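Same chain, two partners: chain A is paired with chain B first, then with chain C.
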Partner chain A sequence: MNAGVPLSAQLINLFAAVILLLAFAMLAQRRVMPLINLFGLQGLVLAGSTLVVAVTTHQAHLYWSAGLTLLLKAMLLPWILHRLVRKLYVKWDVESLVNVPATMLIGIVLVIVAFNVAQPISLLSHTISRGTLGIALATVMLAFLMMITRTKAIPQVVGFLAMENGLFLAATSATYGMPMVVELGIALDVLVGVIILGVFFFQIRDQFDSLDISHMEHLKDG
Partner chain B sequence: MSVGGFLGQLFAIALALVLAPLLTGWVNQCRAWLQNRSAPPLLQPYYMLHKLFRKDVVLARNASPLFRFAPFAVFGCMLLACAIIPSLSTDLPLAPAADTLALVGVFGLARIFISLAAMDVGTAFGSLGGRREMLVGFLAEPALLMVIFTLALISQSTSVATIVETLAHREIVIYPSLAFAGIAFTFVSLAENARVPVDNPATHLELTMIHEAMILEYSGRHLALIEWAASLKLYAYSCLGLALFFPWGIAERDNFLAMIAAAPLLLIKLGIGGCLLAAIETVNAKMRIFRAPEFLGTAFLLAVLGLLVRLLLEVRA
Partner chain C sequence: MSSLLAIDFLLIAACLWLAVGLWGLAAPRNTRFIAKGLFPLGALIGLGVGVTALDFLGQSAETAILVIGLPTLPFHLRLDNLTAVFALLLGFASVGISIYAAGYFRKGEGAAPGLMCLQYHAFLTSMLMVLLADDAYAFMVAWEVMALSSFFLVTTDHRHEAIRSAGYLYLLIAHVGAIAILLAFGVMTSGSGDYTFAGMRAQELPPFWASAAFLLALVGFGAKAGLVPVHVWLPEAHPAAPSPVSAMMSGVMLKTAIYGLLRVSFDLVGTPLWWWGVVAMAVGLVTALFGVLYATVQSDMKRLLAYSSIENIGLLAVGIGLALIFHSFGMETLAALAMTAVLYHCLAHAGFKSLLFLCTGSVLHATRERSLGKLGGLIHRMPWVAWLALVGIIAGAGLPPLSGFVSEWLLLQAFLFSPGLPHSWLNMVVPVAAAVIALVAALAGFAMVKFYGIIFLGQMREPALKDAHDAGPWERGGLSWLTLLTLLLGVMPSTVIGLLDAATRQLLGTGLAARVRESGWWMLAPISEDRASYQPLIFLVTIVASVLLGRWLVRRLYHGRIRRSRAWDCGFFFEGPRAQDTAEGFSQPIRRIFEPVFRMARHFPTARDDQPYYSVKVEDHFWHWLYLPVARLAERISGLIVRVQGGRIAVYLMYSFLTLIVLLLVARP
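Right after this comes the complex of A and B.
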């Protein structure tokens, strides 16, 4: 039994479990708009989890990264994506996914792999949130799976961003976050990446009249 | 076996028999209110049973003895389930008869009997309903088992009484795994009890019905028993959910007075649960039958996630 575990650790575990659940929800979501909302929610939960770690461990820079996560991943990025979706008129895009239950089962296998791989690593760590390392790895792998199974451009970008969420969670749980400079750099990278990808979306659509990535497999030189 | 335990067991069974139709009536009434319809009387299921028990049985010419035996078997299974599940007290002499795994088996036995009986007469609807029931059942069962495994991991036992006692005595600790298991259990209960996202208990539309299609051929006291058994199943699942996820107030061993006190609490809990069920049924639309695997797959996923999260986060910590 886990009696005697401090409340903060319980909260961190709860947040991590919710992040994992949201990763699965994103994997199963067919529509674009709810997908972006789920991504925003994941960012919010991630910010909450980071904040709890910050409060528990009194690491000043974790407050900053919690705030940065909240601003960037829960507000700014979803807003940019929402605007893109509106401008591209793909609000009602419904993707024909390959067999949701099968994807889910693959997802479960990935989670089991991630948990087993992370277990020995997390034993080396002495942070309060070390248990969530497995969940962070699972989130990264689920985001990978999402990028593989999707054919449309925007869900792929959301998958990419969700992967960054997972990496952030891993950094927080294993070592109480990365140095501030690195974190700022990654945040800027992600932001610039999304803006550039937004430009790409328009180019792709102009070229193929759709955002289906599979069209790009038929590109030829000259 | 103590006298108190014996009395308690009898009381629990009697209460199940009496309360089950009332719960069905209450859910129907809540649903009618939420959907802006005028509600049927709360006691409508009793009137139904009374009417049906007085009517003659009409049997198809080619009905086999199985067809006549099935309602009694189904009713017996559901009554046994209600007797094992600790609704008022964990001191049940019958409880060692079956742990949670066997309980899933008891539900499975009832399902097999009713599906066989549905196919027995040979009407198209009967076999259609029977096959759909088996489809839903074989998808719901693993999810239910996973939920039970999660709880068994927490309490180190598969006996219902022990699980409930352990959970009722725990300190207030946040278990993410319990939350996952609870949601999965809700999904499974909706599917197993033929409630809205999977089946509509009020419909007789050919293309969509599952439970109703199976019992079309029944009449008179047979139909009454099956309707009563369906109410008992809803009651059993509600009590199981309440006992596993909201176990506070259930009496301990050798405490007959606490058991009497537990009865009003159970009524309140069931009342709230019924309201919630009606709300779920109102906000959701019935899904296509081929979406049911997705729905139950989600339940399975949640249950497995609960199990994994339990193993990863809570055991070592």
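Right after this comes the complex of A and C.
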């Protein structure tokens, strides 16, 4: 490790790397419960990373952000999802449209693309955490990829939430976070979104006796 | 009087019409109140509009600005002589149609009468506003209200599938036309952002853009007027609508499109190019010939009249084309002659075509039959309608001494002067067009004879026709009013041309009135007395006198006995209405001669048939050449696009994902 890089920056990079790693792990995870746990862990690491940035730069609102992330993404959302899975009784394997090794390969390509794209942007930024922008973008893309490749509804929602994690990381790394109002708004959106999706899960299951969204193909016109 | 201008009176009339319409909503099911109270009130307002416009003719333009409209673009209104001519037409034609409608609408027919009343009067208001509009925005608003209100009137009887599809076709073509008009206005502002007509007049467009504006306007207004090939809605919508509505659409609404075309090509777009006139004339000739040929072979009386309207619109387009040609070469006197013919024909057609459509309404009410093959001999049961229709028929056939003859004669006169054009190519082609016009006029006579002869003359083809009753007093009143207009237009051409003079003078800078006045009101000699003149009164007197004389001679000098026998049984001893010429049989020679023009599906009886029958179905080539390919193409394209909607969420997500990646890669600094 380069001695010129301060400890805080190294820590941030480490956290970012763990987040990316967790994103890959989620992409590879076949079971629902561990998937939710991985998501919770990602939230925890994200909170840690934000905290480090906050300590280093003395940005007051970042402390709040870190706390909010910890509460919401590391605790509340995983708990809600756990409850949902238990209630819906959908603990079995997650089926994937594309097999896992292929998904991982696509993921690697996406990471390369993301780094490539993010490089010129991070040069414009002057934050301590600017190097993690590429990782943030890659996290967003990997989460998106998870949404595409999964056929069940719950992994898709987890993918959606993970995408939000990536966006949050991008915001922190590029500009030390979004304004507090925006962040609060997004946090509320995510919470409400999960609750609404939870209601939908019950509806979908009642309608199709399954949470496999491929049943919804019949809903199109003509 | 001095405090209120003519334009104020017209605006008040428009508001009153709307108020009458809304009043109808107050008691939507009270047929008696609406028919006998509100429609005559509408007729009275129409009379006011007509008289105001008549009084205004010859004065200088008046403008007004309404507070409603867009924040930076309030409604600009303007009353000038061109507007006044068409407002005159609208007002006087609506008097007859509204009076007739008072007797026409009965309980339990079609939509609620209150709703009809609102739509009908909104239709009248919007037509008046189209004429008054002085900026593109007000014009388009009024134009669309006109299209929508007439759409609802056409689909009054929306329980029938055929009527719904006719209405849909009408709405579709009306909107295609509206887009073209909007684009034409857009071109004419030429990016100045000034949407008032005054602003458009001030623009000096380069020839390319001026031509684009003219052609767009021709397409847009042609779609409303029924120029080929955007005519297909007309023969569908006119039979579908109730008869007063058909009369209003054919007699008045088509003329608003002619008004728009005149307004754009002579007023707004600047100096015309000579080839515009050639285009308008070519389209008009095709339309006229097409319309009249199809009119001759129809078996449904309202469809026959609808095709005849197409023919008349074609004649108007030919006249506009001729006026454009003369105008572009600076031959203003001849341009004024052609323009007078156009305006005159607008008035004449509004009179006689409304009259004929209303007559079909009376026949329809009396017999519940629209097919010519099941009518006949109605002159015995419906003498009023039959004799009034005869006037409309003679005018429609273009015979002297009625209105249709005057305008067609003027148009032919204008053609006869075309060898003076400073263009060798046009010199050779234009006389051919005159020959086509003559052919059209002759065929129009054929179609009108068929219409009248099959419906009113001969023997009754169905026993049920014996119960047919004549029209009621309101209907007679409306028909008589329109008959009177047709007669006046026929007998007093010089006076009418003197009135139209203000409009031609406004558009072309010169008129015919001075020359016409020289020769006195009884004689019409548009250019000079040595070349051609026409005395309608002498024709009228001669015709009436010879008829009376013939009758007297037969009664007094010949045997004096009147023997009634069956008409048109062709001398055969087996009597019966079936021995008469049918609608199909009457037009068989036309179908034979012009066979390639029609798309026919025929069934001929053979010697071995147990129940021999003959049937012929004539379809429009344009459906198969133009409309169906377009419809199929649209269907195929939508078939391709619907594949995007696969129903799989993963695929939908993939669309956004790929879009995101592509955007990220493209937008890379």
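Note that the second predicted complex is superposed on the first by the 214 of 222 C-alpha atoms of A that agree within 3 Å, B and C clash if a C-alpha of one lies under 4 Å from a C-alpha of the other, contacts with A are read in each partner's own complex, and residues count from 1 in each chain.
The definition used in the following text is that contacts are C-beta pairs under 8 Å (C-beta built on N, C-alpha and C of every residue); 3 or more make two chains touch, one makes a residue touch a chain.
These numbers were taken from a predicted model, which means no experiment stands behind them.
J.: Which holds for A:113: it touches chain B only (first), chain C only (second), both, or neither?
T.: second
J.: Counting only touches as set out at the top, which of chain B and chain C does A:148 meet: first, second, both, neither?
T.: Once the two structures are laid over each other on A, A:148 reaches chain C alone.
J.: One more residue to check, A:197. First (chain B), second (chain C), both or neither?
T.: Neither partner.
J.: Once the structures are superposed on A, label A:162 by its partner contacts, choosing first (chain B), second (chain C), both or neither.
T.: In the superposition, A:162 touches no partner, neither chain B nor chain C.
J.: Touch test for A:70: chain B only (first), chain C only (second), both, or neither?
T.: After superposition on chain A, A:70 lies in contact with neither partner.
J.: Which partner chains sit in contact with A:134 here, chain B, chain C, both or neither? Use first/second/both/neither.
T.: A:134 contacts chain B only, not chain C.
J.: Now for A:187: first (chain B), second (chain C), both, or neither, which partner does it touch?
T.: neither
J.: Please indicate which partner A:24 is in contact with in the superposed arrangement: first for chain B, second for chain C, both, or neither.
T.: Touch partner of A:24: chain B, not chain C.
J.: Using the touch definition from the top, list the residues of chain A that touch chain B in their complex.
T.: Per the touch definition, chain A meets chain B at residues 1-3, 5, 7, 9-11, 13-14, 16-18, 20-21, 24, 28, 100-101, 104-105, 107-108, 111-112, 115, 119, 131-132, 134-135.
J.: In the complex, go through chain A and note every residue touching chain C.
T.: 97, 110, 113, 116-117, 120-121, 137, 141, 144-145, 147-149, 151, 156, 213-214, 216-222
J.: Give the list of chain B residues in touch with chain A in this complex.
T.: 154, 170-171, 173-174, 176-177, 179-180, 293-294, 297-298, 301-302, 304-305, 308-309, 311-317
J.: Contact residues on chain C for chain A in the complex?
T.: My answer: residues 642, 645-650, 653-654, 657, 660-661, 664-665, 668-669.
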